[in-house]
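Both complexes below contain subunit A, partnered by subunit B and then by subunit C.
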Partner chain A sequence: MKESLLEILCCPLDKNDLELEDAEYDDSSEDSEILSGTLVCTACGERYPIEDGIPNLLPPDMREESPA
Partner chain B sequence: MGILENKARARLFYKYLSQVYDQINPFIWNEEMRTEALSLLEFEDAEMVLDVGCGTGFATEGLLEHVDTVYALDQSEHQLEKAYAKFGKTGGPAQFHRGDAERLPFQTDTFDIVWSSGSIEYWPEPVLALREFNRVLKPGGQVLVVGPNYPENPIAQVLADAMMLFYDEHEADRMFKDAGFEEVKHLFQGPSYEPEVAITTIARAPE
Partner chain C sequence: MDRRANVRDTYDRIATHFASTRAYAWPEVESFVDSYADRETDVALDLGCGNARHAEVLAEPATRVVGVDVSRGLLETAADRSRERGFAVELVQADASTLPIRSGTVDVAVYVATLHHLPTRELRLASLDALADVLASDGVALVSAWSTAHDAFEETTGFDTTVEWTLPGGETVDRFYHIYDPEEFTADLEASSLETVSFELSSGNCYAVVKPVVD
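Up next, the complex of A and B:
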(Lines of atoms letter the chains of each structure in order from A and count residues from 1; the text may use other names and numbers.)
(Lines give C-alpha, C1' and ligand atoms only; values in the text may rest on other atoms or scores of the structure.)
Protein backbone atom coordinates (compact mmCIF):
# COMPACT_ATOMS: atom_id res chain seq x y z
CA MET A 1 0.00 0.00 0.00
CA LYS A 2 1.04 3.58 -0.62
CA GLU A 3 1.91 5.59 2.46
CA SER A 4 -0.45 8.35 1.29
CA LEU A 5 -3.35 5.90 1.68
CA LEU A 6 -3.07 6.32 5.46
CA GLU A 7 -4.93 9.61 5.15
CA ILE A 8 -8.17 7.92 4.09
CA LEU A 9 -7.96 4.81 6.28
CA CYS A 10 -9.46 4.45 9.73
CA CYS A 11 -10.19 1.78 12.30
CA PRO A 12 -13.18 -0.25 11.03
CA LEU A 13 -14.49 -0.59 14.58
CA ASP A 14 -14.50 2.98 15.93
CA LYS A 15 -13.43 4.99 12.83
CA ASN A 16 -10.52 6.66 14.59
CA ASP A 17 -7.15 7.37 12.94
CA LEU A 18 -4.56 4.65 12.45
CA GLU A 19 -0.85 4.95 13.17
CA LEU A 20 1.78 3.06 11.19
CA GLU A 21 4.29 0.94 13.15
CA ASP A 22 7.26 -1.19 12.09
CA ALA A 23 6.94 -0.23 8.44
CA GLU A 24 9.13 -1.82 5.79
CA TYR A 25 9.26 -0.03 2.46
CA ASP A 26 9.79 -1.23 -1.07
CA ASP A 27 12.96 0.63 -2.08
CA SER A 28 12.35 0.02 -5.76
CA SER A 29 9.08 2.00 -5.85
CA GLU A 30 9.04 5.78 -6.26
CA ASP A 31 5.88 6.28 -4.29
CA SER A 32 6.65 5.07 -0.72
CA GLU A 33 5.07 1.65 -1.12
CA ILE A 34 4.73 -0.07 2.27
CA LEU A 35 5.36 -3.82 2.11
CA SER A 36 4.73 -4.73 5.70
CA GLY A 37 3.95 -3.18 9.03
CA THR A 38 1.11 -2.71 11.45
CA LEU A 39 -1.70 -0.16 11.52
CA VAL A 40 -2.66 0.62 15.11
CA CYS A 41 -5.86 2.39 16.12
CA THR A 42 -4.99 5.56 18.05
CA ALA A 43 -8.14 5.15 20.17
CA CYS A 44 -8.85 1.45 20.84
CA GLY A 45 -5.35 0.09 20.16
CA GLU A 46 -6.60 -2.66 17.80
CA ARG A 47 -3.79 -3.78 15.46
CA TYR A 48 -4.20 -4.40 11.70
CA PRO A 49 -1.37 -6.05 9.78
CA ILE A 50 -0.08 -5.01 6.37
CA GLU A 51 0.69 -8.31 4.65
CA ASP A 52 2.71 -8.37 1.44
CA GLY A 53 1.64 -4.79 0.72
CA ILE A 54 -2.09 -5.34 1.40
CA PRO A 55 -3.61 -3.77 4.54
CA ASN A 56 -5.78 -6.33 6.32
CA LEU A 57 -8.50 -4.17 7.85
CA LEU A 58 -10.88 -6.99 8.63
CA PRO A 59 -12.30 -6.59 12.13
CA PRO A 60 -10.67 -9.11 14.52
CA ASP A 61 -13.73 -11.41 14.54
CA MET A 62 -13.40 -11.95 10.77
CA ARG A 63 -9.73 -12.82 10.57
CA GLU A 64 -8.72 -16.35 9.54
CA GLU A 65 -7.02 -17.24 12.78
CA SER A 66 -10.08 -16.37 14.87
CA PRO A 67 -12.68 -19.09 15.38
CA ALA A 68 -15.32 -16.53 14.18
CA MET B 1 -32.53 -15.62 6.70
CA GLY B 2 -29.61 -16.86 4.62
CA ILE B 3 -26.94 -19.38 5.41
CA LEU B 4 -24.14 -16.86 5.18
CA GLU B 5 -24.89 -14.95 8.33
CA ASN B 6 -22.28 -16.95 10.15
CA LYS B 7 -19.05 -15.27 9.09
CA ALA B 8 -17.02 -18.50 9.21
CA ARG B 9 -19.46 -20.14 6.84
CA ALA B 10 -19.23 -17.11 4.59
CA ARG B 11 -15.44 -17.47 4.41
CA LEU B 12 -15.68 -21.12 3.42
CA PHE B 13 -18.31 -20.25 0.82
CA TYR B 14 -16.10 -17.57 -0.77
CA LYS B 15 -13.12 -19.91 -0.81
CA TYR B 16 -15.01 -22.31 -3.07
CA LEU B 17 -16.88 -19.60 -4.94
CA SER B 18 -13.63 -17.96 -6.07
CA GLN B 19 -12.64 -21.12 -7.93
CA VAL B 20 -15.62 -20.99 -10.28
CA TYR B 21 -16.76 -17.39 -10.04
CA ASP B 22 -15.42 -15.99 -13.31
CA GLN B 23 -16.83 -19.05 -15.15
CA ILE B 24 -20.38 -18.88 -13.79
CA ASN B 25 -20.62 -15.14 -13.32
CA PRO B 26 -20.95 -14.09 -17.01
CA PHE B 27 -24.34 -15.84 -17.11
CA ILE B 28 -25.88 -13.35 -14.74
CA TRP B 29 -23.58 -10.34 -14.87
CA ASN B 30 -21.72 -9.66 -18.10
CA GLU B 31 -19.71 -6.90 -19.74
CA GLU B 32 -22.75 -5.42 -21.45
CA MET B 33 -24.59 -5.10 -18.14
CA ARG B 34 -21.46 -3.64 -16.55
CA THR B 35 -21.22 -0.98 -19.28
CA GLU B 36 -24.89 -0.10 -18.85
CA ALA B 37 -24.46 0.24 -15.08
CA LEU B 38 -21.31 2.36 -15.49
CA SER B 39 -23.22 4.74 -17.76
CA LEU B 40 -25.47 5.65 -14.82
CA LEU B 41 -22.57 7.23 -12.94
CA GLU B 42 -21.09 10.73 -13.25
CA PHE B 43 -17.33 10.34 -13.52
CA GLU B 44 -16.53 13.92 -14.68
CA ASP B 45 -15.10 15.19 -11.39
CA ALA B 46 -14.70 11.83 -9.72
CA GLU B 47 -11.23 10.92 -8.47
CA MET B 48 -11.99 8.78 -5.46
CA VAL B 49 -13.87 5.60 -6.40
CA LEU B 50 -14.43 2.63 -4.07
CA ASP B 51 -15.36 -0.90 -5.20
CA VAL B 52 -16.80 -2.82 -2.22
CA GLY B 53 -16.70 -6.59 -2.56
CA CYS B 54 -14.46 -6.29 -5.62
CA GLY B 55 -13.91 -10.06 -5.63
CA THR B 56 -12.03 -11.14 -8.72
CA GLY B 57 -11.96 -7.55 -10.04
CA PHE B 58 -14.56 -7.72 -12.83
CA ALA B 59 -16.18 -4.38 -11.93
CA THR B 60 -12.83 -2.85 -10.95
CA GLU B 61 -11.75 -3.38 -14.54
CA GLY B 62 -14.80 -1.49 -15.83
CA LEU B 63 -14.36 1.35 -13.33
CA LEU B 64 -10.74 1.75 -14.43
CA GLU B 65 -12.00 2.69 -17.90
CA HIS B 66 -13.33 5.87 -16.25
CA VAL B 67 -10.84 6.68 -13.49
CA ASP B 68 -7.09 6.28 -12.93
CA THR B 69 -7.30 4.64 -9.52
CA VAL B 70 -9.88 2.38 -7.91
CA TYR B 71 -9.86 1.66 -4.19
CA ALA B 72 -10.97 -1.95 -3.91
CA LEU B 73 -12.03 -3.91 -0.85
CA ASP B 74 -12.95 -7.53 -0.28
CA GLN B 75 -13.06 -9.83 2.71
CA SER B 76 -11.79 -12.90 0.90
CA GLU B 77 -8.13 -13.42 0.15
CA HIS B 78 -9.06 -16.21 -2.25
CA GLN B 79 -11.24 -13.89 -4.34
CA LEU B 80 -8.62 -11.13 -4.23
CA GLU B 81 -5.87 -13.39 -5.57
CA LYS B 82 -7.64 -13.34 -8.96
CA ALA B 83 -7.87 -9.55 -8.89
CA TYR B 84 -4.14 -9.25 -7.99
CA ALA B 85 -3.36 -11.30 -11.07
CA LYS B 86 -5.25 -8.83 -13.27
CA PHE B 87 -3.97 -5.49 -11.97
CA GLY B 88 -0.85 -6.26 -9.93
CA LYS B 89 -0.97 -6.68 -6.19
CA THR B 90 0.67 -3.34 -5.34
CA GLY B 91 1.76 -0.30 -7.31
CA GLY B 92 -0.98 -0.82 -9.95
CA PRO B 93 -4.17 1.15 -10.69
CA ALA B 94 -6.15 -0.77 -8.05
CA GLN B 95 -5.44 -0.18 -4.37
CA PHE B 96 -6.49 -3.35 -2.56
CA HIS B 97 -7.70 -3.74 1.01
CA ARG B 98 -9.15 -6.61 2.99
CA GLY B 99 -12.15 -5.53 4.98
CA ASP B 100 -15.82 -5.90 5.87
CA ALA B 101 -18.54 -4.06 3.91
CA GLU B 102 -20.51 -3.46 7.09
CA ARG B 103 -17.53 -1.96 8.92
CA LEU B 104 -15.58 -0.01 6.33
CA PRO B 105 -12.02 1.08 7.21
CA PHE B 106 -12.30 4.43 5.42
CA GLN B 107 -12.67 7.96 6.74
CA THR B 108 -16.02 9.78 6.52
CA ASP B 109 -16.60 11.93 3.36
CA THR B 110 -13.81 10.29 1.34
CA PHE B 111 -15.31 8.98 -1.93
CA ASP B 112 -17.05 10.52 -4.96
CA ILE B 113 -18.49 7.14 -5.99
CA VAL B 114 -19.08 3.89 -4.12
CA TRP B 115 -19.77 0.85 -6.31
CA SER B 116 -20.70 -2.65 -5.28
CA SER B 117 -21.79 -5.44 -7.62
CA GLY B 118 -22.56 -9.05 -6.81
CA SER B 119 -21.80 -8.60 -3.14
CA ILE B 120 -24.90 -7.33 -1.33
CA GLU B 121 -26.54 -10.75 -1.46
CA TYR B 122 -23.89 -12.04 0.93
CA TRP B 123 -24.07 -9.29 3.53
CA PRO B 124 -25.77 -10.30 6.77
CA GLU B 125 -27.21 -6.81 7.32
CA PRO B 126 -27.38 -4.87 4.04
CA VAL B 127 -28.72 -1.66 5.58
CA LEU B 128 -25.67 -1.48 7.89
CA ALA B 129 -23.38 -1.74 4.87
CA LEU B 130 -25.40 0.86 2.95
CA ARG B 131 -25.14 3.24 5.95
CA GLU B 132 -21.39 2.75 5.81
CA PHE B 133 -21.42 3.59 2.07
CA ASN B 134 -23.32 6.78 2.91
CA ARG B 135 -20.79 7.66 5.61
CA VAL B 136 -17.70 7.27 3.40
CA LEU B 137 -19.31 9.11 0.46
CA LYS B 138 -18.77 12.84 0.10
CA PRO B 139 -22.01 14.86 0.31
CA GLY B 140 -23.82 14.46 -3.02
CA GLY B 141 -21.66 11.44 -3.94
CA GLN B 142 -23.17 8.55 -5.92
CA VAL B 143 -23.71 4.97 -4.83
CA LEU B 144 -24.41 2.11 -7.24
CA VAL B 145 -25.29 -1.40 -6.07
CA VAL B 146 -26.00 -4.38 -8.30
CA GLY B 147 -27.84 -7.21 -6.61
CA PRO B 148 -30.03 -10.16 -7.55
CA ASN B 149 -33.66 -9.39 -8.31
CA TYR B 150 -36.12 -11.53 -6.33
CA PRO B 151 -37.26 -14.32 -8.70
CA GLU B 152 -40.93 -14.74 -9.64
CA ASN B 153 -40.79 -18.52 -9.98
CA PRO B 154 -41.86 -20.07 -6.61
CA ILE B 155 -39.23 -22.83 -6.75
CA ALA B 156 -36.52 -20.28 -7.45
CA GLN B 157 -37.88 -18.26 -4.54
CA VAL B 158 -37.37 -21.16 -2.12
CA LEU B 159 -33.80 -21.57 -3.33
CA ALA B 160 -33.25 -17.83 -3.17
CA ASP B 161 -34.51 -17.58 0.40
CA ALA B 162 -32.35 -20.48 1.53
CA MET B 163 -29.17 -19.32 -0.17
CA MET B 164 -28.88 -15.59 0.19
CA LEU B 165 -30.56 -12.25 0.14
CA PHE B 166 -32.71 -11.37 -2.87
CA TYR B 167 -34.82 -8.25 -2.98
CA ASP B 168 -37.32 -6.50 -5.20
CA GLU B 169 -37.65 -2.85 -6.13
CA HIS B 170 -39.82 -2.06 -3.13
CA GLU B 171 -37.37 -3.67 -0.71
CA ALA B 172 -34.40 -1.96 -2.37
CA ASP B 173 -36.16 1.37 -1.99
CA ARG B 174 -36.72 0.75 1.70
CA MET B 175 -33.11 -0.33 2.33
CA PHE B 176 -31.53 2.65 0.56
CA LYS B 177 -33.87 5.15 2.22
CA ASP B 178 -33.27 3.56 5.64
CA ALA B 179 -29.57 4.06 4.99
CA GLY B 180 -30.18 7.77 4.42
CA PHE B 181 -29.82 7.92 0.62
CA GLU B 182 -31.72 10.30 -1.65
CA GLU B 183 -32.77 10.16 -5.32
CA VAL B 184 -33.06 6.36 -5.16
CA LYS B 185 -33.61 4.81 -8.60
CA HIS B 186 -33.63 1.24 -9.89
CA LEU B 187 -32.81 -0.43 -13.17
CA PHE B 188 -33.45 -4.07 -14.00
CA GLN B 189 -30.68 -5.73 -15.93
CA GLY B 190 -29.93 -9.11 -17.38
CA PRO B 191 -28.95 -11.05 -20.48
CA SER B 192 -31.64 -11.31 -23.19
CA TYR B 193 -32.83 -14.74 -22.02
CA GLU B 194 -33.33 -13.48 -18.46
CA PRO B 195 -33.67 -9.69 -18.69
CA GLU B 196 -34.54 -8.94 -15.06
CA VAL B 197 -32.12 -11.16 -13.18
CA ALA B 198 -30.27 -8.24 -11.62
CA ILE B 199 -31.49 -5.11 -9.90
CA THR B 200 -29.18 -2.11 -10.08
CA THR B 201 -29.83 0.73 -7.67
CA ILE B 202 -28.28 4.18 -7.84
CA ALA B 203 -28.71 6.87 -5.22
CA ARG B 204 -27.03 9.92 -3.81
CA ALA B 205 -25.64 10.83 -0.39
CA PRO B 206 -27.45 13.93 0.96
CA GLU B 207 -25.76 17.28 0.21
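Up next, the complex of A and C:
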Protein backbone atom coordinates (compact mmCIF):
# COMPACT_ATOMS: atom_id res chain seq x y z
CA MET A 1 0.00 0.00 0.00
CA LYS A 2 0.99 3.61 -0.50
CA GLU A 3 1.51 5.65 2.65
CA SER A 4 -0.91 8.26 1.27
CA LEU A 5 -3.72 5.70 1.60
CA LEU A 6 -3.70 6.62 5.30
CA GLU A 7 -5.44 9.85 4.26
CA ILE A 8 -8.49 7.69 3.44
CA LEU A 9 -8.27 4.78 5.89
CA CYS A 10 -9.43 4.72 9.50
CA CYS A 11 -10.12 2.20 12.25
CA PRO A 12 -13.10 -0.03 11.32
CA LEU A 13 -14.25 -0.10 14.94
CA ASP A 14 -14.39 3.59 15.83
CA LYS A 15 -13.37 5.46 12.63
CA ASN A 16 -10.41 7.17 14.30
CA ASP A 17 -7.01 7.82 12.69
CA LEU A 18 -4.49 5.05 12.16
CA GLU A 19 -0.78 5.38 12.79
CA LEU A 20 1.83 3.41 10.86
CA GLU A 21 4.39 1.38 12.84
CA ASP A 22 7.31 -0.87 11.85
CA ALA A 23 6.88 -0.18 8.14
CA GLU A 24 9.04 -2.00 5.62
CA TYR A 25 9.17 -0.39 2.21
CA ASP A 26 9.69 -1.81 -1.25
CA ASP A 27 12.72 0.18 -2.38
CA SER A 28 12.29 -0.93 -5.99
CA SER A 29 8.94 0.86 -6.43
CA GLU A 30 8.89 4.53 -7.40
CA ASP A 31 6.60 5.82 -4.66
CA SER A 32 7.82 3.57 -1.84
CA GLU A 33 5.10 0.96 -1.43
CA ILE A 34 4.73 -0.33 2.13
CA LEU A 35 5.16 -4.12 2.07
CA SER A 36 4.56 -4.84 5.73
CA GLY A 37 3.95 -3.07 8.99
CA THR A 38 1.21 -2.40 11.48
CA LEU A 39 -1.60 0.16 11.52
CA VAL A 40 -2.50 1.19 15.06
CA CYS A 41 -5.70 3.03 15.99
CA THR A 42 -4.79 6.26 17.78
CA ALA A 43 -7.95 5.99 19.92
CA CYS A 44 -8.63 2.34 20.80
CA GLY A 45 -5.11 0.99 20.21
CA GLU A 46 -6.32 -1.93 18.04
CA ARG A 47 -3.50 -3.17 15.77
CA TYR A 48 -4.03 -4.12 12.13
CA PRO A 49 -1.35 -5.89 10.09
CA ILE A 50 -0.21 -4.97 6.59
CA GLU A 51 0.46 -8.29 4.86
CA ASP A 52 2.11 -8.54 1.42
CA GLY A 53 1.38 -4.86 0.88
CA ILE A 54 -2.37 -5.15 1.62
CA PRO A 55 -3.68 -3.80 4.94
CA ASN A 56 -5.94 -6.22 6.81
CA LEU A 57 -8.58 -3.97 8.37
CA LEU A 58 -11.10 -6.67 9.15
CA PRO A 59 -12.60 -6.18 12.62
CA PRO A 60 -10.71 -8.34 15.14
CA ASP A 61 -13.50 -10.95 15.40
CA MET A 62 -13.15 -11.67 11.65
CA ARG A 63 -9.38 -11.50 11.44
CA GLU A 64 -8.39 -15.01 12.55
CA GLU A 65 -6.39 -16.96 10.00
CA SER A 66 -8.45 -18.56 7.25
CA PRO A 67 -8.01 -22.28 6.73
CA ALA A 68 -5.79 -22.98 3.72
CA MET B 1 -18.07 -19.71 13.08
CA ASP B 2 -19.11 -16.22 12.06
CA ARG B 3 -21.05 -16.58 8.81
CA ARG B 4 -19.29 -13.54 7.38
CA ALA B 5 -16.07 -15.49 7.87
CA ASN B 6 -17.65 -18.43 5.98
CA VAL B 7 -18.23 -16.21 2.93
CA ARG B 8 -14.64 -15.01 3.18
CA ASP B 9 -13.27 -18.57 3.44
CA THR B 10 -15.37 -19.71 0.47
CA TYR B 11 -14.00 -16.97 -1.76
CA ASP B 12 -10.46 -17.62 -0.51
CA ARG B 13 -10.87 -21.22 -1.69
CA ILE B 14 -12.31 -20.47 -5.12
CA ALA B 15 -10.51 -17.16 -5.73
CA THR B 16 -8.26 -18.08 -8.64
CA HIS B 17 -10.88 -19.99 -10.61
CA PHE B 18 -13.64 -17.47 -9.78
CA ALA B 19 -11.48 -14.55 -10.92
CA SER B 20 -10.61 -16.32 -14.19
CA THR B 21 -14.34 -16.45 -15.04
CA ARG B 22 -14.89 -12.77 -14.28
CA ALA B 23 -12.87 -11.17 -17.05
CA TYR B 24 -15.29 -8.45 -18.17
CA ALA B 25 -16.98 -5.55 -16.45
CA TRP B 26 -20.78 -5.57 -16.34
CA PRO B 27 -22.33 -3.19 -18.89
CA GLU B 28 -24.59 -1.71 -16.17
CA VAL B 29 -21.46 -0.70 -14.21
CA GLU B 30 -19.77 0.74 -17.29
CA SER B 31 -22.76 2.90 -18.13
CA PHE B 32 -23.05 4.10 -14.50
CA VAL B 33 -19.38 5.10 -14.43
CA ASP B 34 -19.70 6.71 -17.89
CA SER B 35 -22.68 8.78 -16.76
CA TYR B 36 -20.59 10.33 -13.97
CA ALA B 37 -17.34 10.60 -15.95
CA ASP B 38 -17.65 14.37 -16.40
CA ARG B 39 -17.63 15.23 -12.74
CA GLU B 40 -14.46 15.58 -10.74
CA THR B 41 -13.71 12.23 -9.15
CA ASP B 42 -10.92 12.25 -6.64
CA VAL B 43 -11.61 9.01 -4.80
CA ALA B 44 -13.56 6.05 -6.21
CA LEU B 45 -14.44 2.93 -4.22
CA ASP B 46 -15.10 -0.61 -5.46
CA LEU B 47 -16.75 -2.32 -2.50
CA GLY B 48 -16.57 -6.10 -2.89
CA CYS B 49 -14.04 -5.63 -5.65
CA GLY B 50 -13.25 -9.30 -6.33
CA ASN B 51 -10.67 -9.37 -9.11
CA ALA B 52 -11.00 -5.57 -9.58
CA ARG B 53 -12.71 -5.72 -12.99
CA HIS B 54 -14.92 -2.80 -11.94
CA ALA B 55 -12.09 -0.96 -10.17
CA GLU B 56 -10.46 -1.02 -13.61
CA VAL B 57 -13.47 0.86 -15.06
CA LEU B 58 -13.38 3.37 -12.17
CA ALA B 59 -9.65 3.94 -12.75
CA GLU B 60 -10.50 5.86 -15.97
CA PRO B 61 -12.22 8.89 -14.39
CA ALA B 62 -10.84 8.71 -10.84
CA THR B 63 -7.59 10.05 -9.42
CA ARG B 64 -7.40 7.10 -7.07
CA VAL B 65 -9.40 3.91 -6.73
CA VAL B 66 -9.72 1.94 -3.51
CA GLY B 67 -10.69 -1.73 -3.89
CA VAL B 68 -12.14 -3.39 -0.79
CA ASP B 69 -12.83 -7.10 -0.40
CA VAL B 70 -13.22 -9.50 2.53
CA SER B 71 -11.26 -12.25 0.77
CA ARG B 72 -7.47 -12.07 0.65
CA GLY B 73 -7.49 -14.68 -2.12
CA LEU B 74 -9.61 -12.39 -4.30
CA LEU B 75 -7.48 -9.35 -3.41
CA GLU B 76 -4.44 -11.25 -4.69
CA THR B 77 -6.22 -11.84 -8.00
CA ALA B 78 -6.99 -8.09 -8.07
CA ALA B 79 -3.31 -7.26 -7.53
CA ASP B 80 -2.38 -9.62 -10.39
CA ARG B 81 -4.97 -8.10 -12.73
CA SER B 82 -3.87 -4.51 -12.01
CA ARG B 83 -0.25 -5.45 -12.74
CA GLU B 84 -1.09 -7.35 -15.92
CA ARG B 85 -3.47 -4.73 -17.31
CA GLY B 86 -1.67 -1.63 -16.03
CA PHE B 87 -4.28 0.18 -13.95
CA ALA B 88 -3.88 1.47 -10.40
CA VAL B 89 -6.03 0.23 -7.52
CA GLU B 90 -5.25 0.49 -3.82
CA LEU B 91 -6.39 -2.73 -2.14
CA VAL B 92 -7.77 -3.11 1.37
CA GLN B 93 -9.04 -6.22 3.15
CA ALA B 94 -12.16 -5.21 5.05
CA ASP B 95 -15.76 -6.05 5.90
CA ALA B 96 -18.54 -4.15 4.11
CA SER B 97 -20.53 -3.55 7.30
CA THR B 98 -17.57 -2.03 9.21
CA LEU B 99 -15.78 -0.01 6.55
CA PRO B 100 -12.34 1.34 7.54
CA ILE B 101 -12.76 4.40 5.30
CA ARG B 102 -13.11 7.94 6.54
CA SER B 103 -16.52 9.58 6.44
CA GLY B 104 -17.30 11.70 3.39
CA THR B 105 -14.18 10.80 1.35
CA VAL B 106 -15.64 8.85 -1.60
CA ASP B 107 -16.95 10.59 -4.73
CA VAL B 108 -18.11 7.55 -6.71
CA ALA B 109 -18.64 3.99 -5.49
CA VAL B 110 -19.82 0.68 -6.88
CA TYR B 111 -21.21 -1.94 -4.49
CA VAL B 112 -22.03 -4.63 -7.00
CA ALA B 113 -22.98 -8.28 -6.44
CA THR B 114 -21.74 -8.18 -2.85
CA LEU B 115 -24.64 -7.06 -0.61
CA HIS B 116 -26.38 -10.43 -1.20
CA HIS B 117 -23.44 -12.27 0.44
CA LEU B 118 -23.99 -10.62 3.84
CA PRO B 119 -25.79 -13.23 5.95
CA THR B 120 -28.25 -11.11 7.96
CA ARG B 121 -30.50 -8.15 7.21
CA GLU B 122 -28.86 -6.30 10.10
CA LEU B 123 -25.42 -6.65 8.45
CA ARG B 124 -26.81 -5.72 5.01
CA LEU B 125 -28.38 -2.56 6.41
CA ALA B 126 -25.17 -1.80 8.34
CA SER B 127 -23.24 -2.05 5.06
CA LEU B 128 -25.65 0.36 3.30
CA ASP B 129 -25.25 2.80 6.20
CA ALA B 130 -21.46 2.34 6.05
CA LEU B 131 -21.57 3.17 2.33
CA ALA B 132 -23.67 6.29 3.01
CA ASP B 133 -21.16 7.35 5.65
CA VAL B 134 -18.08 7.13 3.40
CA LEU B 135 -19.71 8.93 0.46
CA ALA B 136 -19.09 12.65 0.08
CA SER B 137 -22.26 14.74 0.47
CA ASP B 138 -22.44 14.98 -3.36
CA GLY B 139 -21.17 11.42 -3.86
CA VAL B 140 -23.03 8.70 -5.78
CA ALA B 141 -22.97 4.92 -5.75
CA LEU B 142 -24.34 1.99 -7.74
CA VAL B 143 -25.70 -0.85 -5.58
CA SER B 144 -26.71 -4.20 -7.06
CA ALA B 145 -27.94 -7.54 -5.77
CA TRP B 146 -29.17 -10.77 -7.29
CA SER B 147 -32.96 -10.94 -7.26
CA THR B 148 -35.98 -13.20 -7.50
CA ALA B 149 -36.57 -11.64 -10.95
CA HIS B 150 -33.80 -13.90 -12.29
CA ASP B 151 -34.91 -16.93 -14.34
CA ALA B 152 -33.03 -19.20 -11.92
CA PHE B 153 -35.62 -18.62 -9.18
CA GLU B 154 -39.31 -19.47 -8.86
CA GLU B 155 -39.70 -17.66 -5.53
CA THR B 156 -41.27 -14.22 -5.55
CA THR B 157 -40.24 -13.11 -2.05
CA GLY B 158 -36.67 -12.74 -0.82
CA PHE B 159 -34.95 -15.79 0.69
CA ASP B 160 -31.63 -17.14 1.97
CA THR B 161 -29.92 -19.90 0.00
CA THR B 162 -26.58 -21.34 -0.97
CA VAL B 163 -25.39 -21.45 -4.55
CA GLU B 164 -22.73 -23.96 -5.51
CA TRP B 165 -19.49 -22.97 -7.17
CA THR B 166 -17.92 -25.83 -9.16
CA LEU B 167 -14.14 -25.92 -9.23
CA PRO B 168 -12.31 -27.24 -12.32
CA GLY B 169 -11.82 -30.67 -10.68
CA GLY B 170 -15.59 -30.99 -10.14
CA GLU B 171 -15.49 -30.18 -6.42
CA THR B 172 -18.29 -27.88 -5.33
CA VAL B 173 -18.19 -25.10 -2.75
CA ASP B 174 -21.34 -23.52 -1.28
CA ARG B 175 -21.72 -19.74 -1.27
CA PHE B 176 -24.28 -17.95 0.90
CA TYR B 177 -26.75 -15.68 -0.90
CA HIS B 178 -29.71 -13.65 0.18
CA ILE B 179 -31.82 -13.43 -2.97
CA TYR B 180 -33.71 -10.14 -2.81
CA ASP B 181 -37.15 -9.54 -4.16
CA PRO B 182 -37.16 -6.12 -5.81
CA GLU B 183 -39.59 -4.54 -3.33
CA GLU B 184 -37.49 -5.77 -0.43
CA PHE B 185 -34.35 -4.35 -2.07
CA THR B 186 -35.84 -0.89 -2.45
CA ALA B 187 -37.28 -1.10 1.08
CA ASP B 188 -33.83 -1.90 2.54
CA LEU B 189 -32.35 1.09 0.70
CA GLU B 190 -35.20 3.21 2.05
CA ALA B 191 -34.47 1.99 5.59
CA SER B 192 -30.80 2.96 5.28
CA SER B 193 -29.06 6.34 5.20
CA LEU B 194 -29.07 6.18 1.39
CA GLU B 195 -31.53 7.90 -0.90
CA THR B 196 -32.46 6.17 -4.16
CA VAL B 197 -31.90 8.27 -7.28
CA SER B 198 -32.97 5.60 -9.77
CA PHE B 199 -33.79 1.88 -9.80
CA GLU B 200 -33.85 -0.77 -12.51
CA LEU B 201 -34.03 -4.52 -12.96
CA SER B 202 -31.48 -5.84 -15.42
CA SER B 203 -30.38 -9.43 -16.14
CA GLY B 204 -32.08 -10.66 -12.97
CA ASN B 205 -30.30 -8.13 -10.76
CA CYS B 206 -31.65 -5.15 -8.86
CA TYR B 207 -29.66 -1.97 -9.53
CA ALA B 208 -30.01 1.32 -7.70
CA VAL B 209 -28.12 4.57 -8.08
CA VAL B 210 -27.97 6.06 -4.61
CA LYS B 211 -26.66 9.07 -2.75
CA PRO B 212 -26.31 9.76 0.97
CA VAL B 213 -29.25 11.32 2.77
CA VAL B 214 -28.04 14.80 3.68
CA ASP B 215 -29.32 16.04 7.04
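In the analysis below, the second predicted complex is superposed on the first by the 64 of 68 C-alpha atoms of A that agree within 3 Å, B and C clash if a C-alpha of one lies under 4 Å from a C-alpha of the other, contacts with A are read in each partner's own complex, and residues count from 1 in each chain.
Everything that follows uses one rule, which is that contacts are C-beta pairs under 8 Å (C-beta built on N, C-alpha and C of every residue); 3 or more make two chains touch, one makes a residue touch a chain.
Treat the numbers as computed from the prediction; the structure is a model and nothing was measured.
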item: Combined model on subunit A: subunit C and subunit B, fit or clash; value: clash
item: Contacts of A:56 with subunit B and subunit C, given as first, second, both or neither; value: both
item: Which superposed partner A:33 touches (first subunit B, second subunit C, both, neither); value: first
item: Partner chain in contact with A:15 - subunit B first, subunit C second, else both or neither; value: both
item: Partner chain(s) touched by A:46 [first = subunit B, second = subunit C, both, neither]; value: neither
item: Subunit B versus subunit C as contact partner of A:2, first or second or both or neither; value: both
item: Footprint overlap on subunit A, comparing subunit B with subunit C; value: 1-2, 5, 7-13, 15, 48, 52-59, 61-62, 64, 67
item: Subunit B contact footprint on subunit A (complex, rising order); value: 1-2, 5, 7-13, 15, 26, 29, 31, 33, 35, 48, 52-59, 61-62, 64, 67-68
item: Residues on subunit A engaged by subunit C in the complex (per definition of touch); value: 1-2, 5, 7-13, 15, 18, 48, 51-59, 61-62, 64, 66-67
item: Subunit B - residues contacting subunit A, complex; value: 6-8, 11, 48, 71, 73, 75, 77, 80, 89-91, 95-100, 103-108, 110
item: Footprint of subunit A on subunit C - complex, ascending; value: 2, 4-5, 8-9, 12, 43, 66, 70, 72, 75-76, 79, 90-95, 98-103, 105
